[in-house]
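After this come two complexes, each holding chain A, first together with chain B and then together with chain C.
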Partner chain A sequence: MSDRITALLTHRRATLLVVAVLLCLPPFYLDAFWLRIGLFSMAAAIGAVGLALLSGTAGQLSLGHAFFLAVGAYGYTWLAGDPGPGLPTALAVPLAVLMAGLAGGLFSPVAGRVKGIYLGIATLALVFLGHHVLLTAESVTGGFNGRSVPPLSLGGFTFDSDGGLNVLGVPFGAEERLWFLGLALFALTWFTARGLLRSRPGRALAALRDSETAAAVMGVDVARHRSAAFVVSSMYAGLAGVLLALAFRRVVPDYFGLVLSVDYLAMIVIGGLGSVAGATAGAVFVTALPLLMTRYADQLPLVAAPGSADGAVGPTEAARYLYGAAIVLVLLYAPDGLHGLARRARDRLRRRRTPTTAPDTAVPSPPPPAAAARPKEHTP
Partner chain B sequence: MTDLLDSLLGGLALGAVYALVALGFVVIFKASGVLNFAHGSLLLFGGYLVAVLHDDLGFAGALALAVVVTAALAGALDRFLLQRGGHDAHSAHVQTIVTIGIDIVLLTELARRIGGDLLTLGDPWGDAVTELGPVTVADSRLAAIAVSAVVITGVFALFRFTSWGLSLRAAAEDMEAAALMGVRLGRVRAGAWCLAGALAALAAVFLAAFPAPGLERTTGQIALNAFPAAILGGLASPTGALAGSLVIGLTEALVVGYQSELHVLGEGFGDVAPYAVMLLVLLVRPNGLFGAKGAARV
Partner chain C sequence: MNDRTTRTRAGGTSTTAPPELTVRDVTVRFAGLTALDGVSFTVAPGSVHALIGPNGAGKSTCFNVLSGLCRPDAGAVTLGGTELTRLAPHRIAALGVARTFQNIVTTQGTVADNLMLGRHALTRAGFTASALRLPGARREQREHLARAREIAELTGLGNHFDAPVGLLSYGDRKRVELARALCLEPRVLLLDEPVAGMNAAERARTAEVVAQLRAELGLSVVLVEHDMGLVMRLADEVTVLDFGRPIAHGTPDEVRRDPEVLRAYLGTDATGEDAA
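Right after this comes the complex of A and B.
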């Protein structure tokens, strides 16, 4: 039995290693367009994982994610830039993340007490008020036109296109360098979030989602856990904001609007609520879809090239139709999202491959969270 | 003094229009537990229909048709999409997110059709004004107040005196018990959605009328301001929605009216003032002004 477990563990570790190596390859083979898609997807995935912790695990609906992304992005730009304290950029990143966490903490009197749908609307307020502040506080945010983002430099290595760096014969510009930064930050997010979900507070949050009263009776401090989930989720959003700012090289207020918040909600819904892998898949889907459709607009049926005649279905619109419809279809027909679909497919494959498994090897898959969260069936 | 009266009257008119939208939120929430994020695009849909049809049918005909079609659309969305999810509390949460998906699709389509245009609705008030003592008011605002008052009274009467209203209140109280008593939840719900759709289409006309420049792709977003209004009052209370709408409308108008004195807050603070007010209220009363704290049983 024990050697089987070690075999399983090494198998796991080997898979992880293969995935890590595969993820390191793209900068050597793909051009900047694809790398940028990857970068935006990684940033989105970090933010989406944060939102998945809040919405999927704690059961809180948040439409304020764009605000915390903005705090991270602008926080970094201001802390590292001029006007601003002009701190070393390597220091500005963690400070910007802390700032986002602090913003989430300041909101905790509301986030801890208001629940579910009410919180969704309350966080809507953050997006609008935040956007207003970004436009108004020109000395810090640069107003409507935004600010350019200073490139990150870590111990003498700068993440920009200067210096003519060549690795294995491939010229390394900003995208190639940022790719590895993005990977590192994403790996950090992936492992911390998964650990958090399996930890004591993670389980307390899941209990809270399933039944607030029952969780409170079991000794879960409802308000404290709710605000903590909110703070952690806004810190992930802040980190995503920093990475986005570095990838865009310019931050503008209009990017951080309600649409962005809704995008993030779409990511975690399409991916499957409450799962880190699902949030990642959803983030890649929602981020890459419009970019890919813009690139291949001329080859797609029914889609006009961007900037063509008024009233034609452009790639951006087509992408929005697709993922709006995806939200509706996923929620109505596959409530556990891409993650659930993948798991069901995997289970079916496994069952087919080993039709008669010994009872000790058959690990019962946990019931899908959606089923556990459903307190009663529709009776009438 | 005239400035103050001006702002108050403007706020009253704005509040009256918000009340139409907020009442829609409340009716839907009471009947289905769903917060309808697609309300803004339903409103835009109604306004767009009026804008397209008024040349052929005249304003009244276009408005009537738009109200009916928007109501039908809202009812159909609920009947054929949302109700597949069931009627319990958890699925209400899920259906709320479904409405966001519906909103994305609907809004993208309408924004594509409207483009950068400003559509006129051909309303009979035009830019006419009336002198009321020292203040000058746009006729469209007076019409907004009058029509909203009549319609809202009608809706309240509907709640109070019809069997549908009784079913709705019973369903809001306890869905399961209501269903056991023979209330057809599906029909009550679809009816509530129809009513909300009709109210939204009506509100679109006043949101696009003078002094607003006309119907734009962002008109639906203005309707989002009715969210704070509904939340302020407590989502399940029609009276609360009414009070919340007036508070929000007056706040917005006063902030815009006294912008020069409030310039510390930045230009255009009027647009976000409703949200600031809502946050303040939620800090003190997390369930809204008229919302009751729900008792929970395990």
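Right after this comes the complex of A and C.
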């Protein structure tokens, strides 16, 4: 028995190592376009994991995610830049994340009391408020034109294209360097979010989602945990905002609109609510799709090249249609998202490999969440 | 509070008798309907106190008052020297009052997840410690998981410990609720129809577990149940409610002979035994 556990542990560790090595390879082989897709995907994944904690695990809808991304992005830019305190950039990153957390905390009197879809409406206000502030507080945000983002510098190493750095014969520009920063931040997100979900706070949040009453009589402080979920989710959004700002090298108010919040909701729905891996998969899908379609617009049927104004469907719109369709398909046929699909495939594979297990140890895969329990006989 | 933490460190076995639970003149009104009308009873430390009455008599409302989900319009509930009626549900849970629900209320995930939710009030790991997987938080989780497994064995869920709750049979899910309440290491256990919908074997098993708990852990149990056989077997004292009013009180034998009780259960001219 213990042998099997050690074997399993080493197996898991080996898988982790292989994945880590594979993720470190792209900067050596892919050009900046692909690296940028990767970077934006990693940033989106960090933000989506935060939203998955809030919406998927704690059952709280938020349409204000873009606001907290903006707080992170602009917070970093302001803290490290001029005009601003001009702090060391390495210090500005954690402070920007804390700022986003603080913004979430300020909203916690609402986030702790209002639940589900009503919180979604309440957070809607944040997006418009945030957008307005970004446009008008010009001394801090640079107004409509935004601000350029100071590159991050960690102990003498700067994440920009200067210095002519070569690693193994590959010139390392900003994208290559930021790739590793993104990986590190994403690994941190993965580690912490899974730690949270599998322990006391995660269980308390899931209990709040499934039954507030049961959670309360089991000793869960309902308002406190709702607020905490909101703060934690804001902090992940803040971190995502920082990475986005570094990747874009310029922050502009129009990016942080309601559409961005909706994109994040799409990510966690497509990926599967309440799972870190699912949120990541959803984030990659939603982020990469429009970028890829823009790049290959000339080779795609029915999609016009970007910039052509003859009424055809542009690649960005086409991508939106596609992931809109993806959401509909997911909701209809796989309500637990990509994560659920992957899990069922894995279970099926495992069952095929070990066809004769004792009946009491063979635990079938858990049923999809409550949303999936509705009858499907009307679907064609 | 301190007394509680030391108690749970020691593995969850209680040596001190639970405090007395007193319900005094509790009245609850829902927009014109008086659900509870001046209900008073006392649960002696370590006893099983049954609350019976026809449907709609206010038994579940009474439980909701005891666990803080419903604030009474008048009256008070005290546990030892602490007044419960002003406390939020999670504070009451932290004092060692656990409950189950009439209709099963479990959360998604495995039996282990549900039982570990029961350990919430006894554990400390916060968001930061859990996110960073600090050694203290991991050790705490390991220790409490071991105790949760013990409780699963005790309630006959040992084989299902890692199974998703959604796949269990009705009786087993009912037992998950009981086990989850026990995971709180309660001093007072509120059981709302613990055997409703169970078959004879499952009923016997649950009755056995409740009797065993009371003998081994010495906790007080408040029981709402329609199964009179179970009530008569387990209860030390019985309070009968009808339309929110207490109509009888006493030992099971006294109560089953009370003419008021027979009338409430069987109508005015009833002369039969009890309403099992």
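One rule holds for everything that comes next: the second predicted complex is superposed on the first by the 356 of 380 C-alpha atoms of A that agree within 3 Å, B and C clash if a C-alpha of one lies under 4 Å from a C-alpha of the other, contacts with A are read in each partner's own complex, and residues count from 1 in each chain.
Convention: contacts are C-beta pairs under 8 Å (C-beta built on N, C-alpha and C of every residue); 3 or more make two chains touch, one makes a residue touch a chain.
Note that this is a predicted model, so its numbers are computed, not measured.
Because the two structures share chain A, they can be overlaid on it, and in that overlay chain B and chain C fit beside each other without clashing.
Across the overlaid complexes, the C-alpha centre of chain A sees chain B and chain C at an angle of 80°, to the nearest 10.
In the superposition on chain A, A:V269 makes contact with chain B only, not with chain C.
In the superposed model, A:H132 lies in contact with chain B only, and not with chain C. Using the contact criterion defined above for the overlaid structures, shared-chain residue A:V49 touches neither chain B nor chain C, since it reaches no partner. Applying the stated contact rule after C-alpha superposition, one finds that A:V110 touches chain B and leaves chain C untouched. In the superposition on chain A, A:Y118 contacts chain B only, with no contact to chain C.
The wider contact with chain A, measured as residues touched, comes from B rather than the other of chain B and chain C. In the overlay built on the shared chain, the residue A:V217 is in contact with chain B and with chain C. Within the superposed three-chain model, A:I327 lies in touch with chain B and out of touch with chain C [touch as defined at top].
In the overlay built on the shared chain, the residue A:G202 is in contact with chain C alone; chain B does not reach it. Overlay on chain A (Cα): least separation between chain B and chain C is 6 Å.
Chain A uses residues 211, 213-214, 217 to touch chain B in one structure and chain C in the other. By the touch criterion given at the top, residues 67-69, 88-90, 92-94, 98-99, 101, 105-109, 113, 116-123, 125-127, 130-133, 137, 141, 159, 162-164, 166-167, 180, 184 of chain C touch chain A in their complex. Chain A makes touch with chain C in their complex at residues 191-193, 195-196, 199-204, 206-207, 209-211, 213-222, 228, 232, 360, 363-364, 366-367, 369-370.
Chain B makes touch with chain A in their complex at residues 35, 81, 84-91, 93-98, 100-105, 108-109, 112-113, 115, 176, 179-180, 185, 221, 224, 227-228, 231, 235, 265-269, 271-272, 275-276, 278-279, 282-283, 286-288, 296-298. Partner chain B is touched in their complex by these residues of chain A: 59, 61, 109-110, 113-114, 116-118, 120-122, 124-125, 128-129, 131-133, 135-137, 211-214, 217, 258, 262, 265-266, 269, 310-311, 313-314, 317, 320-321, 323-328, 331-332, 335, 373-380.
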